[in-house]
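Both of the next two complexes hold chain A, though its partner changes from chain B to chain C.
Let's turn to the complex of A and B:
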C-alpha cells in the first residue's frame, strides 16, 4: 500500500511538471498575444506602444525563459498577477474555487446519492416498469445537453413562476440568498449527473445480483433489502467508485456551460476565459490545481478499490 | 469550428424557440419589479480593470460613465463639450493659442479651468495636481498605459492655479481641445503608490485593490462593491455637487451569455440591458416583436462599421474593375432588410451618415449584377463550364472570405454574399477563425487570402490615417502596427490624410473629407456593408437615457435618467 502511494506521488510530481510546461507552451504558442489583440482593437496603439508593452509584460522574451521564470516564482509561492482580473492569480482562483465548490460539491453528492439509489431500484426488477422509467430518465439525462436543460429551468422557475433567480451569484452573502441562487444550476447539474451513476449502478448491480452467492444469500432467507445493500452493493461498488472519483476530480475544473448560462463565476468559466485571454498565471494555476485534484481522486479511487476488493491487493 | 465558436453555437441554439415560449408565458405572469430606488443593468462584459488609464474596454467605459467625469467628451450630438472644465477652450475664445513646439513643429497651448464644484468622492477637490499626476504616470513607460500618443504629444503642462492649467501639445490638429482620454487621477490616493514602483503600479492601484474607496470616484455615483466577473454596485456619490441622480443604487450585472441575459431581463433580475454591451441586434429585434409591451426598445445606429477588407496584393483584387464588380454584385439593402429589418444604415463609405463630415453626394455603387458581369468580362474573367469565371491562363476567380467564427450575424452575411457573388460567376470560399486568431494573426499580419469581413469602431470625425495611409501597412519591420490591412497605396489619399488633421476650420476640412470619401468610393480598397446599431432595452418606467452611437456611453449622462411619473 505504502509503495503504491509513494509511486503515485512521484508520478504526480512528474505529471505536474510536464503538464505545467505543456500548458505554458500551448498557451504561449496560440496565435496572437495580448498585444496583438490590443493593436487590432485599438487603432491608437502604435508600433512603439506595442514594443513597449511587449517588453513591459515580458512577451518579448523566449517562451522557455518565461516559463522558467514563472516556475521559479511558483515554487516560491508567487503565482503572479492576473491580467484579466487585475488581482493576484491565487486570489482570483480562490474566489472562483469557492463558487465552484459551493455549486459542485452538493451537486456531486446529490447526483451520486440519487443516481446510486435509482440504479439499485432499477436493478431490483430488470426490464420492469420501474426499471423502464429510471432508464428513460437516465437516458434523457445523458442525452440532454446541459445548456438546454439550464435554459428550460430558467424559463420555468425564473421567468414564468418567478420563484428563483435566473442566475448570477447572490447579491448579499446570506444563506438563503446562496441557496436561491444555487438552486437552478444545482438542479441542472444534479439531473444530468445522476444519470451516469444510475446507469453504472444498475449495470453493476444486475451483474452482482446474478452471482451464485446472491442466490445463496436468498436461499438462506436474507431479506431483499439486505441482499441488495449488504451483499450486492459492495461488490458492485468498484465501477461506481471509479465514476465518483472522476466526478470529484471535476469539482475544481468547474462546469463551463452551466456556469456560463447561469452567469456563475466558477472555475470552468475562469479557466476558459484565462486560456483565451492569455492570462497565463491564472490558467496555469487553475490547470495545475485541476491536475493535482484529478491525481488525488484517482489515487483515492485506487485505495478504495483495494479496500473493497481483497483480490486487488495480491 | 473553434472551441469558443462551438460554445457560442451551443449556447445560442435554443434561444429562439425557448425565448418565444418564455416571453409568451412571461407576459402572462410578469415577475415583480425591484424597488425603484435601485436600477439593475445587464451587460455582457466585465471590466478587467477599473483604472481609468490602463487598458480600454467598453465595460469599463460604461462603469466609468457613472463614476468618473472626463474633462471633455463627445456628447449625443457628436460635439466636443466640457464635463469637468468650465468652458471649452478654442482659438476663437482665446483659451487656445498656437505656438511653436520644441520639436520645431506647429503646436498649441490649450488652457482649461476645472469646475469649482468638482471633487473626488471623499470631498477632496479635483485639482491640477490630479491632471499632472495622470500625465506623469501616462508618460512613464513602466506604468503600462496602452496608447501613449497623447502623453507623447502633450510635452508640457503649465500650472496656473489649483484649477487652471495649460496643456502644450507638439502638434496642432483640429481636435486640439478634445482631451477625452486624459483622465484626472486622484493624486492624493494614487501618487504614492505609483511613485513607490511605477512598474508595479498596475498591480497595486487602488482602483483594483480597493475600488470601494470613495476618493477614487468623481461622478454622480461611486463604486461600493465589486464581485469579480459578476457585478459592480454603485451608490450615489455624496460629494457630487451636480444634479442628483434618480436612483440610490445602480447594480451593473455581467451575464455574458445573451440568451441568459434575455432570460434575466424577462425574469426581472435586470431592469434594462445597456445597448453598448447588450443583445445582438437580431436577438433584440426578435425580443421586441414579443415583449414590446413590457420594454422600450431603442435601436441606435452607431460608429461600428461592418465592411470587407480586400487584400490588394492578390492579382485578381488588384484590378479595380474586379473590385467594383464585387460591389455591384451585392444587394446591401436586401441584406440589411432581411437580417436586420432595415434597422441599420447601409454603408457606402466609412463615414457614418450621422457624422458631420459625411458627404451624401459622393458616388455610390448600386446593386447591378449585369454591370458586375460586364466589368468582369472586361477584366478578362469569362464564365467556365461550372459557371465560375476563369482568366486567360485558366485560373478560377475564387476568393477566400474570412470572418470571426461564432459571430452569427457575420456568418449569415457571409452566406448571403457568397450566393450573390456566385450569381455573377465569382466563387467565394468561407474560412472563419476564432477572433483571437483572426485579429491577432491573420489580419494583423495580412495573411488573409482575399477578403476579410469585420468591423471598425471609430469616433466622430475620425481621420482614418491608420487604416488608409500607405505608411500604415503592417509589416514585421513596423512590429505589425498599423491597420491598413488591404495594403492600399494612394498618393493623394496619403496627402489628404496628412492635411486633414492640421486643417482647423471645419468648412476647410469639408472638401478634403469629400475627396477622401470619393477616392474610397472609386478606388474601392474596402467593400462597405453597413453600420451596426446598438439595441438599448429599457423598462417602460425609465426615461431620459440618451445613447450616443459613439464610444462615449449613455451612462455619462445618468443625472438625466428618471423614473416616469
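Let's turn to the complex of A and C:
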C-alpha cells in the first residue's frame, strides 16, 4: 500500500513538472505580449527600446532558460507579480481561494447529501415511478450546460422575482450579504453536482441490494429502512466516496464557468481573468493549484478506497 | 447494421426518437442557407430598427439584440455545434483507436508510456487547461486566425487532444482480448501481416464498442464547445454559436430574458438526444442486451 502511494506521488510530481512547463510555454503563445502592449500604448517607443526592454526582462533568452528561472523562484515561494492586481501573485490567489472555498465546501456537502438521498430513494424500487423521476432529474443535470442553468436562475430569482442579486461579490462583509450573493451560484453548482451522486448511489445501492446478505437480513425480519441504511448503504459507500473525491476535483475546475457567470471572485474567475488579461504569473499559479487539487483528489479517492475496502489491501 | 440490430435500435424508443431529432436537426442545419434565402433574412446583417422583435410570422422566434432573425441564428449555431461535436468526437476516436492499437500490439514499454500518458491527462483539470489552449493566439504558431473554418478546426484539435483517452482504453482492452482469440492466433500462425491482422480481424470486432463510446461523447464535446464559445474563446462573432448567443443573452437578462431560453434549450436537447442515441446504439450492437431486457 505504501508502495502504491509512493508510486502515485511520483507520478503526480512528474505530471506537475510537465504541466508547469507546458503551461509556461502555452501562456507565452497567448496574444498581447506585454512589450507589444507597451509599444502600442506609447508611440515614442522605438524598436531599439523594445529590444532593450526585452533584454531587461530576460524575454530574449530561450524558453527553457526562462522556465528554469521561473521554477527556481517558484520553489522558493516567489511566483512573481500580478499585472492586473498589482500585488504578489500568491496574495491575489489566496484571496480568491478563500472565496472559492466559501462557495465550494457548502456546495459539495449539499450536492452529496441530496444526491445520495435521491439515489437511495431511487434504488428502493428500481424502474418505479420515483426512480424514473429521479433518473430524469439526474440525467438533466448531466446534459445541462452550467451557464444556461445559471442564466435561467438569474432570470427567475433576480429578474422576475427580484429576491436575490444577479451576481458579484458581497458589497459589505456581513453574513446575510455573503449568503445572498452565494445563494444562486451555490444552487447552480448543487443542482448540477448532485446528478453524479444520485446516479452512482443508485447503481451501487441496486448492486448491494442484490447480494445474499440482504436476503438474509430481510428473512430475519429487519425492517426495510434498516436493511436499506444499515445493511446496503455501507457496502455501497465505496464507489460513492470515490465519486465524492473525484467530484470535488471536477467542481474546482467546473466552478470556473459558474463563478464567471455570477462574477464571484473565486479561483475559477481569477484564472479566466488572468488568462484574458495576460496576467501570466497569476494564470500559471492558478493553473498549477487547480492541477494540484485535482491530483490530490484522485489520490485521496484511491486512499479512501483502500481504507474502506479490506479486499484491496491483499 | 443488420436487420436484428436495427430492430434492437428501434426497440430503444427514446434512442430511436432521439436519432430522429438529430437527423432533423442536421437537415435543418444543412438547409440553413436555403432557409435564410427563402425567408429573405440575412442572419449576419444587423438591422437596428428591428431589435428584440417579438415572435411573428416573419420571425418565428423573434429577433436578437441586433435585429437578426433568432431562428436562423439558432440553425447556423447548430451547424457549428454539430460540426464540432461530430468532428471532435471523430478526431478523438481516430487518435484513441491508433493509440489503443499501438499499446495493445506492441505492449511493454510502448503500452506503459501511452497508458501513463492517458492516466496523466485524465488527472489534469480539464476545463482550465482547455481555456489556456483555446486562448493561444493561432497567429503565433503560424496558423490563420479569424475564419470560421480555422476556428472550427482549432476547437476540434483542442477537444481531440484531451478526448482520445476513453476510446484508447476501450480499444486497448478489446484488442488485447481479441488478439488472444483463436481466430487471431490462427491468422498470426498463417503469417498474416500485422497491418492486415489489425485491419481485418481486430478493428472490425472492436468497432462497435468504439462507435458507442464515440456517439456518447458527441454530447460532451458539444457542451465543451458551448462553454468555450460562451467564454469568448471558441467560435468568434459574427459567426453564430449557441454558447456565444447565451453569452450575449446574459448581458440582456433584464431587457430580453427569452433570448437566453432558445440557445440553451438547443444545447440541452442535442446533448440529451446524442446520449439516448448512444444508449440505443449500444443495445443495437450488443446481442446480449436483448436477452437482458427479456
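One rule holds for everything that comes next: the second predicted complex is superposed on the first by the 276 of 314 C-alpha atoms of A that agree within 3 Å, B and C clash if a C-alpha of one lies under 4 Å from a C-alpha of the other, contacts with A are read in each partner's own complex, and residues count from 1 in each chain.
In this text, a contact is a pair of C-beta atoms (placed from the backbone, for glycine too) under 8 Å apart; a residue touches a chain by one contact, two chains touch by 3 or more.
Predicted, not measured: the structure shown is a model, and the values here were computed from it.
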Partner chain in contact with A:141 - chain B first, chain C second, else both or neither: neither
Partner chain in contact with A:154 - chain B first, chain C second, else both or neither: both
Chain B versus chain C as contact partner of A:298, first or second or both or neither: second
Chain B or chain C, by number of chain A residues touched: B
Which superposed partner A:11 touches (first chain B, second chain C, both, neither): second
Contacts of A:287 with chain B and chain C, given as first, second, both or neither: second
Partner chain in contact with A:26 - chain B first, chain C second, else both or neither: second
Touched partner set for A:85, first chain B, second chain C, both or neither: first
Partner chain(s) touched by A:36 [first = chain B, second = chain C, both, neither]: first
Touched partner set for A:261, first chain B, second chain C, both or neither: both
Common interface residues of chain A - those touching chain B in one complex and chain C in the other: 30-31, 145, 147-148, 151-152, 154-155, 158-160, 166, 256-257, 260-261, 272, 276
Residues of chain C touching chain A in the complex: 116, 119-120, 123-129, 131-133, 135-137, 139-141, 219, 223, 226-227, 230-232, 243, 246-247, 249-250, 253-254, 257, 260-261, 263-264, 267-268, 271-272, 275
Complex contact set, residues of chain A against chain C: 11-12, 14-15, 18-19, 23, 26-27, 29-31, 139-140, 142-148, 151-152, 154-155, 158-160, 166, 249, 252-254, 256-257, 260-261, 268, 271-272, 275-276, 283, 286-287, 290-291, 293-295, 298
Contacting residues of chain B [partner chain A, same complex]: 4, 7, 10-11, 13-15, 18, 21-22, 25-26, 29, 31-32, 48-51, 55-56, 141-142, 144, 146-149, 199, 202-203, 208-209, 227-231, 251, 253-257, 259-260, 263-264, 266-269, 434, 436-437, 439-444, 456-458, 466-467, 478-483
Sites on chain A touched by chain B in the complex: 30-33, 36-53, 56-57, 81, 83-88, 92, 95-96, 145, 147-148, 151-152, 154-155, 158-162, 165-169, 171, 256-257, 260-263, 265, 269-270, 272-273, 276
